[in-house]
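Naming follows writing order (A, B, C and D), and every chain is counted from residue 1.
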Amino acid sequence: MRMRTLLLAVFVVAALALTACAPAAQPAAPAAQPTEAAAEATTETTTDAAAVPAGACDDPLGCIEIAAGDPIKIGYALVTAGPNASLGEDSARGIEIAVDDLGGAILGHPVEIVGEDSGCSPEGGQAAATKLASDTSLVGVIGTSCSSEARVGAPILSEVGLSMLSPSNTAPDLTDPEKHVDGYFRTAHNDLVQGAVAADFVFSDLGLTKAATVHDGSLYAVGLATAFADAFQKLGGEIVSQQAVNVGDTDMRPVLTTIAAAGPEFIYYPIFTAEAGFITSQSKEVPGLENVKLMAADGSFSQDFVNAAGDAAMGMYLSSPDFSAFGDAYQDFLKKHDEKYSEAPLSAFHAHAYDAMMIFAAKIQEVAKQDGDTLVIGRKALRDAIAGTTDFKGLTGNLTCSPTGDCADPKIAVYEVTDTEAWNPNVISPMKIYPK
Amino acid sequence: MALLEIKNLHVYYGHIHALKGINLTVDEGEVVTLIGSNGAGKTTTLRAISGLLKTTEDTSVMYDGIELRQLRPHQIVEKGVIHVPEGRRVFSRMSVQENLMMGAYARKNRHQIADDLAYVLKLFPRLQERRAQHAGTLSGGEQQMLAMGRALMANPKLLLLDEPSMGLAPVLVETIFDSIEQLNKQRGITILLVEQNAQMALSIANRAYVLETGRITMSGNAQEMLHDEKVISAYLGL
Amino acid sequence: MQKAKPFRLMDAVRLGLFGGIAAVLIALVGMIEAFNKREVINGVISMSQVMLMAVAFVSAFFAAAQAHKSKPGQTIPAGLIAGAIVGVLVAILALAIVPLNMREVFVNATPRLAKILMPQGMEGIAGAAVLVVGAALVGLLAAVLTYLPGLLRRSILISLVAVVLLALLKDVLLPVIPEGLGDFLYASNGLTLVGAVTSFIVVALIAYFWMRVRPSTSKRIAAMPPAQRRTMSFVVTISFLIVLFLLPAVLGSYLSEVSDLVGFYIIMALGLNVVVGFAGLLDLGYVAFFAIGAYTMAVLTTPELPLVRGYIPQLSFWVALPISVGMALLAGIFLGVPVLKTRGDYLAIITLGFGEIIRLLVLSDALKPGLGGAQGVTGVARPVLGGIVSDTPQEFYYFILISILIAWFITSRLKKSRLGRAWMAVREDEDVAAAMSINLVGYKLLAFATGAALAGLSGAFFGSKLGSMVPASFNVLVSINVLAVLIVGGMGSLPGVVVGAIVLIGLPELLREFNEFRWWVYGIVLVVMMLYRPEGLWPDATRERELLDFEDEPNVDSEDPTGLAPSATIPS
Amino acid sequence: MFANLRRKYDFTDVLLWLIGGILLIFILYGSIVTLTSGKYTTAQWLNFIVFGLAQGGIYALIALGYTMVYGILGMINFAHGEFFMLGTFGAFFMAEALSATGLLESNWVISILLMLAAAMIVSATVAILAERIAYRPLRRAPRLVPLITAIGVSYFLQYTARGLFGSGVEAFPNVPALAGSIAVGPIKIQNTQVAVFIATAVLLLLLWLFVSKTKVGRAIRSVAEDKDAAALMGVDVDRTIAISFAVGGIMAGAAGVMYGLVFRQVAFYMGFVPGLKAFTAAVLGGIGNLAGAVLGGLILGVIESVGPSLFLEGIGIPAPHQLKDGIAFTVLVLILIFRPTGILGERLSKRA
């Protein structure tokens, strides 16, 4: 009974509030404004002068105005719950460290991070993007974690004039000229790059010609496995078996037995830590795979993975962004990370997130105009500035954005696991074996 | 002296007031029967005594100087109040032997348990034959014997019997009622018997109560009731 | 339902320990640290402080209320003790984190947490002492509250909760309320002090008068002649509908988005209600039909999938919609067949399996040319009306609203029809229903098909709205959530479904920024709901009576899979 | 005569047999094609089976807990997978501590016993608490209510573990003594798998002795059959139910240790899928039946392992192992079509 009265009361309050402010809210409803402004801007290319104070803003997508003392708000849409949480959390930490490095402020305004969980699913991405899009004080968005989220989320953020920088989307279609949406950028490398590097390494460097692939039904793994297979076949290699497992599977020996029957020399499984760990450790238990070379990708490029896989990981290969090319700044980053979280990074995309934040910071400084006490940032101007990024010195290399939003400096390296005890993926430059 | 004294027993099933203030007593060594038509509240009364049902605050169920309302069902069993429920309720997936041993669940003394087992098997020789069989395979009469035997294994002081004759052939009914009389006479077990077969019940009982829609409407000497016209017309089907 | 025992101070200690453990758990799962930066009232009190205080308050309140009932003299000590014990446990945690190096096991037990738990700028024993005293004071406050008259007390509690909610939902509310009000209520972080106090008073007053007036109003309504009452309910319905239709304009895109999601679940839950609530068939794989609806829509309307396009031309949304619903309906009949022979939990596992099979099939490489595999399908068509493509949440809101109204109409009609009564009979006792020559096969199939069709409808809109689909959206959690919506709302009750969807789907969605804690709280809410209000938030009138009786129901071992059959005749 | 037949088998039976028959033909065809193609050697087939049995043993241990609780309360305890997960965490932290002291290397028997103790205590405690706090008050509620409660408990425990222990995947320390394998004829069996077989067998034997031979076991069976009648025999029903939850928890804890040894990973979300599988296994074997749970678990494990290659590969389905859960559920449906109460389940009879 009490529960219901409580609910009713809350409901009534909400209803009252809504009815009370409905008439007043309609004409100036701030949520609707940027959409309209954007639509009008693109069709008529005139600025809705009523929506913006005269003189201060001449940006076709409108401006964000930040009064003195108010924060500069950056949103993120990352997966922070569910089985993929470590991916998003890793990136979120990268952002936090970047904010620390900025001294918590850009142009004298404190930086506020507004985070949303995007769940690594399209509906999660849609909801997170819509929520971020409704906040008109947001300057930009870092995210998403998973490519499936970006497919749905990017158009929503793009429509309200926001720019987004993803630290970990790698699906090729997102920056495909036919499908790219304005305002979408990523600091993560395109799968096509990593797949090609892996294939090149296996075929040319190892000299192997018969390979098998395994994916786990995730967009990332399917994309990478396909990119690898295509590149490998183009080089003249043969894909003898293409298998798939499910996220949550633990017993990989049956699928490995099937692979063994096809007689590969090499298995490529660009999947995530848990399942990749199972494949690695169990491959040694399956007859016929004793001498087969193994290779995983950046989805399992973590200490967790080598721990999980155990001694079986010895001698296997992992492709990943080239941390040795990252330079000394990266070592500093790791030190800060350890101080702040007292553990090694959870996944491979913390540095990309850091760079994304830093690009935003740099570009905001570049385009922001001071109007009295108020800081005015044009949305289109910011977008253009990011698109014009050339040779930006980031942790992940020198970033230059392509016209379709690929900003990564795709330095992909192949690493060999030579010591499972002290293996720390972030300080392993000696173990990098390709490119030489 | 009253072994069991119930005062003002009320039971509700949700909004339904099933027992509306029942008072009854059972003296030590007596056979008391509770008769009434279907739905009058007879089973509910027994279930309330043995703690399976919640009763209202002002109810009092005194047994041997103890307030049973404050005890949980298994504690009531430990006091020697044993309830043979309606429809037998034997454990059909256990053997006859195991069922009997379940009866002795609350007891510790192995020798006494063995003695009682021997007594039960003598009282119901059919159970001896079927000791290893699953109780679910027994006939209705055998199940009733098992249910009573199981209750005896608990060494009851007060036995609550719910419809022991239900669904049994007349010959078997005779047997069961014979054994009830025997238990009362030979072992001195006090018995509260709920029956629809009023004729049979009244014939072996000392006293009787008539229950109608949750209230006691009549009480008195069983033999007298057997000849009471109202009882005859309402419950003896004559 | 336990026998009332006189209150002892031990009970207060127990409640305090319980609260203390809860507080320690809240701290260790990381909530305190995560909420430390957010403030309820700007510069005055942070979210994490409110949280700890709330725990102390609630345990003290229960202790004091218990004491107040049987031993009024002990009310104040009970509150003080319970509150202080919560403080003691938190203090122990704060002191133990660093020396015990608890971080080895608990990732959130950081030195930072220890610092946050302590009162600002204090540490060691002094900090702990202040913590305990503070918690005891909160307990005292709670105890004092029990002395107030019931109505006043409830208004204050409601309004406290409302103020915290107001602060929590800042990001959601700020874009939709007028700027002046927003500036008045909210500071850059949390509520302004004036705003908080004002809203507290306003909500308390409204709650107070509402609760005072309500009994007499409902009595007056009950006393009205039927004709007048019907007119009134008609007027209420119509105005409610008008409000519903005007809502998106007020809500803005994000709240419309949330409403849309809630709407998908309302349609599904209305459908599942037919299967579980009316016919009593426990279906744990309901997501299958949702997926079939969504994928049919996607496959028929996408420009991709060359293999499919070779056989079927690309269709428009409006053509694909009935086909999607039809496909789901057919699947319902198909699944209905093996279901007919199984009962109870066997039925549950078969349906669960069916749901998983569907997900695996759309994910599989084997069917990739036809269904897109793990890459999913993109470019799903949007509804086009009068040459205008609808793709904003606000526009979809209307389609979904209309779908809900249709689903509502169908299911409420069905409920009252002969068919509805037949389902009820099947639910209560299959054997008796069969004996009454009710055609079990037909009726069960119909229930399944109706439920499936509604899920398909929901799925078709879902697919179209997303525009892009991956199989991961159709996992077993969706089925479970729909079932939870149904039960929490009130099984068999149509308004209950709406309330359940708002509470279980809408609220977590609004709290998206609270990340993983959402699901933690969701779990707690489910358990607490079932313990204290198993009949649901808005139960079906007849069903409520049955459910309230369950405490004493003599026969609970029936084969009825939902257990919702009314109690059998009273044995005697 | 014909009317009689019609009454006995109505059209749904015919339809079901038709579906079952088609599925069977499908399966048989796939199997024959695969077998005749000679892609796999006998040793490889045996490997499939051994792998399946090892996985099935873990399902079986979890399924035992499901079945215990189902048997006694008639309730699907969705949170059981989380009891297993928390037990694995218990074993993990114990193993970490043992590894730090070096005992894991020097004395593996004691180490594993300590890990078992830790896991069992954690799982059983959580199970008892869940029963006491969340399920007991609902003893007489309609069945869907405890089901939803169990789902709530499951969410709560899963995200508690996520909050307490973090979102990453932790690696179980290696037990050196269990590395390596033994050769049995043409196949190699991992020592960890042998450990799972032995542990499952021993635990099942102990459980069987406990349930069938001890007084408490009899009490559990009596409560499972008829709570009121059991109470009337002097059985403390609440305590007995708590005991069976504890026993289910102990089995889940044991499964956690086995899982840790074989798969060497711990994560907060790991309880859900095995929980679902174990539930399936319990139903497959006939829910409420202890031997059925073990048989169901083993069969499920073997089907998942052998099925994809045997049934699907021959028909030319790519990446067949992706569909192994689908195969498992299809076989479940098949079995339930022909034996509606599971392999060892009793005929559903209306309980009096």
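As a working rule, a residue touches a chain if its C-beta (ideal position, glycine included) is under 8 Å from a C-beta of that chain, and two chains touch if they have at least 3 such contacts.
All values derive from a computational prediction rather than experimental measurement.
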item: Which of B-D and C-D has more C-beta pairs touching across its chains; value: C-D
item: Centroid comparison with chain A (C-alpha atoms), farthest chain; value: B
item: Chain B and chain D: spacing of chain centres that average the CA atoms, whole Å; value: 43
item: Between chain C and chain D, centroid-to-centroid distance (C-alpha), Å; value: 30
item: Centroid spacing, where centroids are CA-atom means, of chain B and chain C in whole angstrom; value: 48
item: Euclidean distance of C-alpha centroids - chain A vs chain D, Å; value: 37
item: Residues of chain A touching at least two other chains; value: 80-82, 85, 217, 242, 244, 246
item: Overlap residues in chain C, where contacts from two or more other chains coincide; value: 107, 360, 363-365, 516, 519, 551-553
item: Residue numbers of chain D (touch at least two other chains); value: 159, 162, 167, 226, 318-320, 322, 325
item: Of all residues in chain A, those that touch chain C in their complex; value: 2-10, 12-13, 15-18, 21-22, 24-26, 28-32, 35, 69-71, 80-82, 85, 114-117, 120-123, 126-128, 130-131, 133-136, 148, 151-152, 155, 173, 179, 215, 217-219, 221-223, 242, 244, 246, 342-343
item: Residues of chain C that touch chain D when the two form their complex; value: 25, 28-31, 105-108, 276, 282, 337-338, 340-346, 348-350, 352-354, 356-357, 360-361, 363-366, 431, 441, 476, 480, 483-484, 487-488, 491, 516-517, 519-520, 522-527, 529-531, 534, 547, 550-553, 556-557, 559-564
item: Residues of chain C touching chain A in the complex; value: 103, 107, 110, 154, 157-158, 161-162, 165, 171-172, 174-179, 181, 188, 203, 206-207, 210-211, 243, 246, 249-250, 252-255, 257-258, 261, 360, 363-365, 373-376, 378, 392-393, 462, 465-473, 499, 509, 512-513, 515-516, 518-519, 532-533, 537-538
item: Complex interface listing, chain D residues touching chain A; value: 39-40, 43-44, 47-48, 51-52, 54-55, 159, 162, 167-171, 174, 179, 181, 187-188, 190, 259, 263-265, 267, 269, 272-274, 301, 304-306, 308-309, 313, 318-322, 324-325
item: Footprint of chain C on chain D - complex, ascending; value: 10-13, 15-16, 19, 70, 74, 76, 93, 133-134, 137-138, 140-149, 151-160, 162-167, 226-227, 276, 279-280, 283, 287, 317-320, 322-323, 325-326, 328-330, 332-333, 336-337, 340-342, 348, 350-351
